[in-house]
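What follows are several structures.
There are two complexes below, and they share chain A, which is joined by chain B in the first and by chain C in the second.
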Partner chain A sequence: MESILLSILTMGAIGLFFSAVISVAYQKLKVEVDPRVEKITDILPGANCGACGFPGCANYAEAIVQGAPINKCSVGGMAVAELIGEIMGIAPEDVVRKVARVLCQGDNEKAVWAGEYMGIPSCAAANLAGGAGKLCNYGCLGFGDCEKACPFGAIKVNARGLAEVDENICTGCGLCVQACPRNVISLEPIDKRVLVLCVSKDPGKISKSSCKVACIGCGLCVKKSPEGIALENNLAKIIDVEKINDESIEKCPTGAIRKLE
Partner chain B sequence: MEYLVIFISALLINNFVLSYFLGICPFVGVSNKIDSALSMGFAVTFVMTLAAIVSWGVYNLVLVPYKLEFLEIVSFILIIASLVQLVEMFIRKTSPTLYQALGIYLPLITTNCAILGVALLAVLKGYAFVETVVFAFGAGLGFTLAIVMMAGIREELDGADIPSPFKGPGITFITAGILALTFMGFSGLIR
Partner chain C sequence: MLTRALKAGVHPDECKFTAGSQIQQFECPERLYVPLQQHLGRKAKPVVKKGEIVKKGQRIGEADGFISANIHAPAGGKVKTIEKVMLPNGVFDDAIVIEVNLESGEVAEPTWPMKPLSELTPDDIRIIAREAGIVGLGGATFPTAVKLTPPDNVKIDTLIINGAECEPYLTADHRLMLERTEGIIEGAELVRRAVGAEKVFIGIEDNKKDAIQKFDELLKNKSGWEVVSLRSIYPQGAEKNLIKVVTGREVPVGGLPFNVNVAIQNVGTVYSIFRAATEGIPLVERVVTVSGDAVSNPGNFVIPFGTPAKLVLERCGALFDEIEKVIFGGPMMGMAIKGYDVPVIKSTSGILCFKRAVREKPKACLNCGKCVEVCTLNIAPTRVVKFIRAGKLEEAKNAGLLNCMECGCCAYICPSRIPLVQWLRYGKFMLRKMEAQK
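Showing the complex of A and B:
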């Protein structure tokens, strides 16, 4: 009994002594921090996703006080930018909301299968092993590395084995873009509604035989809207959404170009 | 002479990083540049020596008289945590650049097992006060030596053509292993 009491007292005394020393030192060695940094840190969503280009929300708050643009937070969007603007005394410019888009339509039915992958169920592992069994070397692997990376539950592998983004939940943080070993996911402005949903750079013959919905680089779409689309590495590339003729989308033989609703 | 033996032994023969494998986290984490490695080494040496002195005092003047030796680990951790807080505040005040460079590894000195190891080993070996100071200082310098050597090698490795499977952590661990092997050569220095 006595030793219990004694230990409590001793540890308490040691603890008190050091806390006293630390609190004195804290007063003496206090570093003045701009109070705005703390306020902005409180306003930021705290997701620490890194979409703004800084390691975390606290770092971004520090950078804002030193003059970084206030509209980089895609998670908080306009609302957060306005609140930060109030603190900093500047009007926010428009935050262009970006969302992740999966640029692949080669689901389990539409892709052509070469074999079966029996390894670790992860996209990164399957990519190292040469793919998940689909003949296409560019498309979605469907093991959901992006799903695991998403802190908001916005991207999911659907029943057909293809990653799918819910654009209402997606904050455009870009973590899935980094997680995807095949770079199938890309961040696009939400108002860009015409997309080439394929990233295959294979020549038309090969991409045609490996997936029913691949961009085969035929160039029909380019003919219909030469100022809106260009052909690059056997792949249609959108230059200007405004100048895309609807015919381009309709004429695509594989349906690789899509207009989103 | 006896102090010299303790010093050399802690510095080289029983180097805390390369023979006891304590304090590996900052050893790998902060060894990409010689500058920050040196600062880290000195910060650790400082905390280590101070922690050993204070914990020697607490152990011999408080715990032993009251027969509370079983509290050594708890009280030592408390001491180390407090000291690290002090050092952190001090560095933050005096050198913000160094504070940025050390980053998360500075508060992590708290959980650096090498520091707790020094304090515990000094008690285990029954060192007197001066012996404890020499032992802790030697161990700290040994840590500095190891981390600076590692940083020097890693700076050279940045320009080397490393096969891609070994890039990054791979080559770092291999380097650490080879360094540890070379330090085994000291094992016959003092009987």
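Showing the complex of A and C:
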């Protein structure tokens, strides 16, 4: 009994002594942190995706306090920007919600596969090995490097071997854009509803022979809406969605230019 | 004569069925698709226009920068257009299409000094290599002029002529050594003069006894020259390996043969230097081995660059219905092509057609250590690949990822059929990407 009492007392005394040391040290060595940083960190989604341009949410919060714009978080969108605005006492400018778009329609049926691939099931590895036998050197390979990179489960490779984005879940963080070895994915404003779903820069003759739904650079769409679309590197490029005539979309011989519902 | 052997490496079935067939001139087709990117480095700039009449050997593409090479017309004719064609790596790139006029025997004047061989100075030889668009014909196609220009503070004492030809099936260098022996020796002498080496070694694997004998006879009494008989093993013909086997010197990681005072050239390369210096013909054709079980008339052919694979295969009686895989280069390091329109280019040492491709699903690693045993660059492939699979690229780098030259021994020997080389390649790509993001 005595030994138990003695040990409790000793441990307690040591504990008390150190807590006193710590509390003194805490007072003496305190680092001033802006309380707002913590508040903003709490508001931010905590995905640490890096879409804002900072390594993580906490770093962005620090940057905001030091004067960075408050509307950089595309994951949180307008709601988060407003909350941060309240703390910082400034009005948030409009956050344009961006989503990832897979600019390729060449799935297993529509694109031509010249060979069979037995290697590592990863787009980056397949791309190094001659594109896994897919004749098109620009299109989606469908091994799902983007799917693995997406922290939200918004992008998935569908049954036809093509990556597909669920725009309701996509936060526009851009991790899939970085993961794609062929740069097929692009971040686009969600209200941009007309897209050229092809990235092939090959001349029409080649892209036509390698994929049924490739942009062949024929320029029909440009003729119908010269102010809305331009031709660049054998590829139609949208300049202004407002000025695109519906005929441009209907007339596309391969269906590479699409209007989303 | 010296005998040497590489430690480690693998010995696949040699399959050198065409070793006995003489080099034949391949008939120039009616249309040539001459790519502007046939070498390592920057793509050549086209210097001819549509509709222009070109002579054989005329420069049609100009080297763009130091590490680049000139491209010449393999035959006289008319430039039809410049269009994109598929290269052996599957990428579509610019090629000059020449409508060949077989009757015109005109050959363009060489753009380099034509002098008796003994009067050529080192600078003249470098000019020849540069102007004639000569690149390393062993497979890497690195511009030869660059290799002939060692940095000022380096003294090259040894030149190695690489006649190892360790890839299975390929016999192009073998035939060249037998049929153009004198030319190779003269060409090697020019290279020796250009780099200022005192000692010359000619490394030949002992599955080419006839070639070793022929060189030995000719070089017996020439002081400073030595034929090295190498026990056949793959990848002995790789630059760093051959240097180590022949001289015992080890090229540092990321270093060049210059770092150990050695210059090394393939037999095909030195022969094309000789040809440019004596006949004034630039590099417009090369010896290609056509072989494999899906070809009924295999052989060794001198094929002009820009000849589509299809014509070559038709000429050699390829069984198109049964072909499953066509490889440009050797079976270990070559590339499977994605279409028959791919033209023969400077790097094409062989065209191999196979009826059956390996198609086994990879299984789990057994930790048997065979890949470690065969690696000639002291990497433990299984360990590095495990780091890559776990995304630990820094660790993979520290374990020697960047030493790897992708020779394929580890993947060849792996009993679990793990695509180790592809993993290593993937690892290098991801490492570069990671370092670029930093």
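Simple rule for what comes next: the second predicted complex is superposed on the first by the 234 of 261 C-alpha atoms of A that agree within 3 Å, B and C clash if a C-alpha of one lies under 4 Å from a C-alpha of the other, contacts with A are read in each partner's own complex, and residues count from 1 in each chain.
In the analysis below, a residue touches a chain if its C-beta (ideal position, glycine included) is under 8 Å from a C-beta of that chain, and two chains touch if they have at least 3 such contacts.
Quick caveat: nothing in here was measured; it's all calculated off a predicted structure.
Once the two complexes are overlaid on the shared chain, A:V31 sits against chain B while remaining clear of chain C.
In the superposed model, A:N137 makes contact with chain C only, not with chain B. In the overlay built on the shared chain, the residue A:M118 is in contact with chain C alone; chain B does not reach it. Look at A:L6: by the touch rule set out above, it reaches chain B but stays clear of chain C. Contacts of A:A129 after superposition: chain C is touched, whereas chain B is not reached. In the superposed pair of complexes, A:L44 makes contact with neither chain B nor chain C. Counting residues of chain A touched by each partner, chain B versus chain C, the larger count belongs to C. Within the complex formed with chain A, the residues of chain B that make contact are 58, 62-63, 66-68, 71, 74-75, 78-79, 82, 85-86, 89-90, 92-93, 96. Put simply, chain A touches chain C in their complex at residues 114-116, 118-120, 122, 124-125, 128-131, 133, 135, 137, 181, 202-203, 206. For chain C in complex with chain A, the residues that touch the partner chain are 83-84, 89-92, 325, 335-336, 338-339, 357-361, 419, 422-423, 425-426, 429-430. Put simply, chain A touches chain B in their complex at residues 3, 6-7, 10-11, 14-15, 18-19, 21-22, 25-26, 29-31.
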